[in-house]
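Structure, as structure tokens:
Residue numbering begins at 1 within each chain, and the chains themselves are lettered A, B, C and D in the order written.
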């Protein structure tokens, strides 16, 4: 239950300098007390949140840092997501062309590049460096998973005279950003740490859609289309596609809805049984026997309780490593239908890395540009420990600590999920 | 200035039947008094709209029509937009599979198909008919521009026992829908008329984004990319692209922002001069001489005051036919640089129909599905003269009459437009 | 070593009817003794094949069948390949519109649909049925693997009065077609069996490129691009992509060449060792340590000798089922680098079904159209046991039996493979 | 009528050095007397060309230039074509990585960059420079139209110690290359001039397919698809698309065949009348009245005799500037149907620059790589005045002079054109 103090934004100090943006054009400065309501519903069923609200993002007429004496750095961490290069480029362009900041550094390979032991050197961004990068997938700065000792990172910021650090990444990355911000504050430094949310799974709180998600749907839908074609072209054809989504089914649900051809969508939010009268395999069998084909979408984080318990494994970023639900379902399908003497044609597709590495589509190019520029505005105004959030179609400031307090999941009464239920016709699982 | 009565939705009568959706699953029914606030900003600069709000769209637990005795029809009108087939398919699927409505008709070639004189016969939609249409551009029902005599249309509704008419189209189409709804009411009939907004230009009020717009940006951005490549590869290269947007610059602005390579974006909302010190051609010359290339985006409705007055021409739908600003600028460019003895390489591209006819991308497939299903829910609940609107990320009900009262234009203080100004660096035109 | 008699085409009898094509236009009839030379090289290193030649494909001025009394059927078998629907459509259009054949049947789900026990019924092709199918992946007729009893199939041809059977498929399918042709001849029937080669792997003899191959390269290259991006964005990143190619490395080689970013291409034609000084893993380690990233492409049929012997498994079509070389290499990579204490980031992608199910690109649409129409010309001229071959850029007739005598593999001295060696810089493996 | 001496390749001198390629792997050296037969047909209707043959392209075991002391330069001229960056990259990679040539220059903006008066400076190609350029459309070196004084160009080659010049371009560019080669020879210099054919129109002799053509078909087919959708969705809809092809209808024919939806394809090779009983407009009217829609493809060079005579205009490269046949047909259509009182919906699309600027598809990436590497092999072996040709699927050496002696046009008895006639059903025009 958020309260207003959870949305209070930290600042490094008063904004006493006029923004250099004012020279440019009728720029649409946003007042610093402009707010976006948390609750935009009323009437039956709408909780009353009083005046709870977020700080609105946008360029401020007065800023904290002196552009001519400011050095900024940008770091991209974690798994790839379409739009990373667009963020890097727009951070640079807004700083260099509009705020006239003379020095913008790119950190190599995530937080690792802020640790001198890595041997990695920062690159100074230039117009030539960013020239065509918005057309390319991945991140030209490289990425990595895992954290680094926070004291070492702040030492680097001090030594390289970095005033602003933009941390582009998901949950783990923002956790790191919050720690850096804390250490900066502890040492009494005046450095801004601003987070730009990168979550292809779309599971960061207060960011209803992050860049990369739309592109992921685009590519995932293509894969579903292929799986559907495969399923329809073979007797008792089953297309089984595992999509991203460790904690939340947003990609599975969105791609299924875009496809309109999916018959089952299995997500982390909804437990299900494989066997038994109400189990998934029985429903799948019904579908295959009646229609001759089926398309199944499973999010990577679905059905984790179906595995026999084992020690929890984690990757370098601390994310829980899941057992592979796609493989589990594939194997159980084969066994189930073999038991019943039904010949099936099952095609299993796991497109994860292919999707993550594609360039951003137009919508994500716009969103990553906007988030990047808003992050620059926030930083130049001296805001810190701040993440660019996205709420009711407006970009807002969210304290990083608040954003990472818990993971976002699909609301099962949302239009998105009820539409998935209606377009697939899948049953409500009983466990 | 809208008032609450402008947002009041008409209904045919009380909803006394339980929705057949309740058999399906945990369906997420929306209370009929659920509302979405008009204003979701507060603090400095945010106007106070009190509790002004829209009715929230969604399935109702009780409905007006008896599904087993209901006939619905869908008509697609006006210019093509990506997503039309998706709307047709989802209207059909929601009615047939979820509400179990036995008869859904497709009207051929827009309102023309509701006039018996056209010789066109309605087609009865079936699973086979809609099977693969969501992968195709255009509309399988055909379209047409222009209106038909409203009495004739209502006669057809009566004769063919059509209880619900879904009108998919833009401004002109919705104007027609409102007239049909009036005539239905005048005759005391119990027929629902529900509008589904189709506006690739994105210029319908209370619909901040319609299906087709995202796809249009995707394709328009590809064209801008090509024009930028052409411009950079030739000495003094100029890429000039005319994009859609008769009254509003949404496509031009969005595509330019997605591109990040545009230098000038000319839109209907902002007048400009061609010649003179502050004129567009002078600025273009500066850019070309300093950088060697330029990319210019012009919305089709921009700069209409630059033409010498002539009688206003209109197309069959009553839209004002514009003189061709793309050709005008192209020709003035050639003349301007020739006068100054500067050899240029200007490439002009007008991709309009290519963009309009493409299939919907994933985002638009989801949006058209949602709008279509919401329209079905509204109609089954007996709402009429109602358009599916889109406000702060929520689908809402808007009286058609209110929606068409005036055209929507780009807010020049919006994040979208200020981002365009910052990414292009173009000047504020003085006229 | 082929001899001229291997290229002799069987015919059902003399062609005594003028072709209805002659009414159409200046049609480019091909003389029945037109030939394409087997050998088009001379000078050093070019074997002398004398006048060895193929029959040229094309419409004949005189034909064998009376179109008005002819029934044709088309069957699609085996795995999917882009272009199947285009073949179905062009077979139909050429027969119906140009030869005026009144009855063209589509067989459901491969040879299975010619066995009455399957319960599958043939569909009569119509303009509406084929209307938009050329835009869709897969085959609207469905497919299946495996053979059916040849006597049963010929019984079906007799009962349904099918005069011409077009068999669209690869090696196994053509083996079936040859058997059907034999049985037809044994019974003294006058029915033509014409094969249309479908081999995404490109491994049919006398067909230097089949439809689907180009599209497969297009999609495979996209996947390689993604894997390269993944590899470059992570420290010691390795992209490992398994592509199709059970017996031949054409897709792996072509995609790698299109990509230009691959560093290793492992194909069935070239054995390699994993371990040891000259082994693949040692070379991969060198590459990763010196450049920081690597992209590895492996054809599914490569390195089969690396598996410990087990009973040979076959799929329903009789194809040898391979152990999964992609998984093997992935696991050995992890072990190899772990042994050496080198942290790597390996991303494994297996896009097979995604590629197979895509719609044909423009080049494949043209090729499938041409092959389909040539097959119709051959059949109408009474040729049987005939496959449409492709040789030195010309479509030719090849006896099916000759085409399936052995599998085609990559010529390691060809421009394609030497270009792969030069663009990757990979070593010659010593085994 | 070509004779063997027309195919004789000039060389700068004997090849006395072993190729550095021999260190690499089993490289597939091509003997210098390897030949490809001009005629690969025999039997009825095949002209007897005796042993007339081309020199086969490929790496030679012995070369002329000493790689360590060689400087090469590459220049891209004329209109854009997909694949230019791929050619630049592969020329560089083959020279630098395989032949170990230390210095490869890129000429800016076509031949203009070889004239010091332009102020343009050559760029030294590096791995960083070419890193990602194969993913981008256009040419990173820039291009220009028009010729430069040949003496000035050779002066530049001398001053900058350029030993090899690769000229990437079409007819006009190769004319320039031939002149440079002549001047080099006249001065007794030992410099190789090798042409790489770039002709999106596919109209260079002895190059049956150049890079860019396949990509152009891909994009052109998409545009035709859109125009077809537009035509089908409106009453009496007519889609009219102008495609590239000044002298030859290859793109129009190929795109129409890929589309299968075109009804008329007008090309430069076939004159037609607009009006009269057998005129195009009458046939179009028949089609529209019977089917309700039509798709018309017109090559830009078609119907040039329909314009009233005027002075021939030429562009900077000397290409004849055509009056715009697309506009002419559009306007005559409107007038024709208006005269007859038939309301039509005509949508005209001219996608030229959009197509030219796209990145190469997989097939063209392979072809441009192959042509580039073959050009390097030819040059290193001291061949000059040589163009990389493409004949019966083999890359060959053709004297530039021979290649540009006349323009290539569509063979109206070819499989390509007869397939277009059969798939469209269009009549043979009588003039």
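One rule holds for everything that comes next: a contact is a pair of C-beta atoms (placed from the backbone, for glycine too) under 8 Å apart; a residue touches a chain by one contact, two chains touch by 3 or more.
Keep in mind that what you see is a predicted model, and the values were worked out from it rather than measured.
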Centroid comparison with subunit A (C-alpha atoms), farthest chain: D
A-D or B-D, whichever has more C-beta pairs in contact: B-D
Chain centre separation (subunit C, subunit D; CA means) in Å: 29
Inter-chain centre distance, subunit A versus subunit D - centres from mean C-alpha coordinates, in Å: 45
Rounded Å distance, subunit B centre to subunit D centre (Cα mean): 41
Residues within subunit D bordering two or more other chains: 135-136, 225
Touching residues (chain side subunit A, partner subunit C) in the complex: 80, 109, 112, 136-139, 142-144, 222-223, 225-227, 229-230, 232-235, 239, 347-351, 353-358
Residues of subunit A that touch subunit B when the two form their complex: 21, 24-28, 30-37, 40-46, 51, 53, 56, 58-59, 86, 89-90, 93-94, 97-98, 134-135, 208, 214, 217-218, 220-221, 225, 254-255, 257-260, 361-363, 365-366, 369-370, 373, 392-395, 412-419, 421-423, 425, 427-428
Of subunit C, residues touching subunit B in the complex: 132, 135-136
